[in-house]
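Chain naming follows the written order as A, B and C, and within any one chain the residues start at number 1.
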Amino acid sequence: MNDSAAQAGRHGATGFHWLLPFAGIVSLLIMWDLALRFSNVPLVPGPLAVARAIVELAQKGFLVKHVVASLFRVTWGYLLAVSVGVPLGILLAWYRRGGLALAPLVEIVRPISALAWIPLAILWFGVGDLSSVFIIFVASVFPLTVAAMSAVAGVSTTHWNAGRNFGLSARQIARRVLLPAILPRLLVGLRLALGIAWLVVVAAEMIAVDSGLGFLIIDARNAGNRYDLVVAGMVLIGTIGLALDASMRRIEGLRALRWSYAAAEEAA
Amino acid sequence: MIPARKPLPGRTKLAIRGLQMAFRTEESEVRVLEDLDLDVREGELVCILGPSGCGKSTLLNIVAGFLAPSSGSVKIDGEEVRGPDPRRIFVFQERGVFPWLTVEGNIGFGLGRLARAEREKRIGHYVRLVGLEGFEKAYPHELSGGMKQRVEVARALAVDPDMLYLDEPFGALDSITRLEMRRELLRIWQTEQKTILFVTHDIEESVQLADRVVVLSARPARIRRIVEIDLPHPRDLSSRRYLELRDGILEEIGLAHKI
Amino acid sequence: MTLRQRLESILLPIAAAMSLVAFWAAAVRWSGTTVFPSPAAVARGIAELARKGLLLPYIRDSLLRVAAGYGGALAAGIPLGVFLGWHPAAARAANPVIQFLRPISPLAWIPVAIVLFGVKNMAAVFLIFLASLFPILVSAMNGVRGVSAMHRQAGRNFGLSRPALLARVVFPAALPEILTGLRIALGIAWIVVVAAEMIAVNSGLGYLVIDSRNAGKRYDLVVAAMLLIGVIGLVLNLLVQRVSRLRAVRWGFREETP
């Protein structure tokens, strides 16, 4: 019951809790470098080469250009997906029959990977930004729909009944009970979908013209086997993905929303 | 009518001396238990009574060996307690039951070393003892709270421990089930003759069950008083002596008994 | 579920699907497009694939690649995740590495995969392995970490050694969460196999999507392949859901409190 408290007592202050994660990253970098020195893989770059490549990109002004281009496409595709998927999911969960009818269809379209949509995207939108945004949209909209559906399903019957008890109309219930109640879970779904959207940016930018981190990765290899740039692109994608995830988590942690985690802990 | 179990001049089973417990956080030290001395004799049912958060669960966890005290000693049968031990089983609330095992699986959990026939016999005996015949193959999520609690008690008894520690085991049950469970516990205690340490915040419960009630103060907890309950079993809840004892404890804790 | 609800849950989707198909057919005819296929054309495309003896082999190849990559992720991810969950210090060290590698699209690993394995099956399998590894690893780690202290204490109380505690208490308790991770990972594996096949190999449903377009603008086959991908993905998901309904793990998936 109080094992952790006793452990904290035994290990003293917890001021060095950042030390371990830091050590983890550093050891990874070291292992990467050592592995390259001792093996014979010719093309995979070491950490220093990648760092130099990032600096090169920054100096040539490409760093900002590519990052902004990718963020731009992801933002548009994601926001479109949110404005379509979340209301759709809420409706599907609210109208039971609608949900029963359409949810399986959503489940069929969901496993189709973003890449598989490329031919259709090109057919409908040609090559360029619109196609990329469409791919990101398609990849995020289905997880968002499902997340919204499950958030609505997760509203406790007690809360529905309380709303009805106070004489609220259906629209009032939707506004004053449903929307606040689904917000915590929905935010988690939004965060995960943002992660998917960001993940898909590489696929989406295979049909982009000349900018973006995904484009950078593919082009750097095709146009000259610049694997240092490829890995630099991967590193940048990973970092920005982390930052996006962390920002969403901060929103989730806002006091107004923390009630959901407290409730979950109480029930545990 | 079974005459009152006078504290036998029998062996001391559990001896606590000078027990202190403090939790250290980043800036401060929280003293939870202070200077506890207690003897429990073999076969006794002792209740540890105190308000929520006073440290009584901490005390039980230390006695059971899950926590190390800051100072002081806990000895059972003369041996220092060094860690959890299958001879002394801790009964949690019904959430302590293992949800991935059936009733049978739970009760038989500690019986791995027995031969199969012996195991099945024991499991059967304890299933009957706690009144769960017919539910052997059920999973805990299919049972009510009271039934899950009974599974946990059976699981504890099946390994034939000398001591049982119960930490507010009936807290999550409704009051009717609680009364039934108390009766069950007393019946089992009288049949199996174990030494039992029972933590509760419920004054009535302590007077209904215990041979002695150890009343703890609020944090940091010290022993305010040890009340000897000299009522015979089965206890008449409206007898004068029962009410006297109960009111005495209420007064000790400083509570009026009119709302 | 009542009989009526069961009927509804089967008939309503079918009705919705049929109206969607009808709408699709009408839209194709009304817009006069020559490129985008009608439902009938897609059906004929599937029949053609079957006739040419390509349908089943392509499906089989995709499934085999998933099995290999996913199986590898299971074999590596569960033990590693359990280890990390059991040793919190190791988890704290490994966590930033995991959180960093996770958002990197499997596609971005393609160049690495090709360098390591060439343009062959193994590259695709490697990508699937990487993509499935993280959900499994994270869910195993969180599952083990989330085992209630009460259950671990009860295990120690009964005198279990550490390996026995792990096997008889911690792992069963973590199983529901691990299964959720397995389901998510399987979904990801199926998505990635299709993507990987577009780049690196020459058989399978993903290859079919790209090749049908490139080798002759056969959009009927493109859409046919997409539908097959979707349906098989749904079937895989349903299979894993059945596993989580087994009585020994169902306890972990109940939403209502008793």
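Assume a residue touches a chain if its C-beta (ideal position, glycine included) is under 8 Å from a C-beta of that chain, and two chains touch if they have at least 3 such contacts.
Please read these numbers as outputs of a predicted model, since none were measured by experiment.
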| field | Contact pairs, highest-scoring chain pair | value | A-C
| task | Quick one: point me to the chain whose Cα centre is farthest from that of subunit A. | result | B
| said: Can you compute the centre-to-centre distance for subunit A and subunit B, using the mean CA position of each chain? Integer Å is fine. | reply: 49
| said: What's the distance between the Cα centroids of subunit A and subunit C, rounded to whole Å? | reply: 17
| message | Multi-chain contacts only, two chains or more: what residues does subunit A have there? | response | 1, 3
| query | Among the residues of subunit C, which ones contact at least 2 other chains? | reply | 148, 150, 153
| query | What are the residues of subunit B that contact at least two other chains? | reply | 66
| request: Using the touch definition up top, name the residues of subunit A that touch subunit C in the complex. | output: 1, 3, 17, 20-21, 23-25, 27-28, 41, 43-44, 97, 100-105, 107-120, 123, 154, 195, 198-203, 214, 217, 221, 227, 230-231, 233-234, 237-239, 241-242, 244-245, 267-268
| query | Which bits of subunit C are touching subunit B when the two form their complex? | reply | 148, 150-151, 153-154, 156-159, 168-169, 172-173, 175, 247-252, 254, 258
| task | Within their complex, state which residues of subunit C touch subunit A. | result | 8-9, 12-13, 15-17, 20, 35-36, 89, 92-97, 99-105, 107-109, 111-112, 115-116, 148-150, 153, 187, 190-192, 194-195, 198, 206, 209-210, 212-213, 219, 222-223, 225-227, 229-234, 236-237, 255, 257
| request: Using the touch definition up top, name the residues of subunit B that touch subunit C in the complex. | output: 64, 66, 83-86, 88-90, 92, 95-96, 98-101, 109-110, 139-141, 144-145, 159
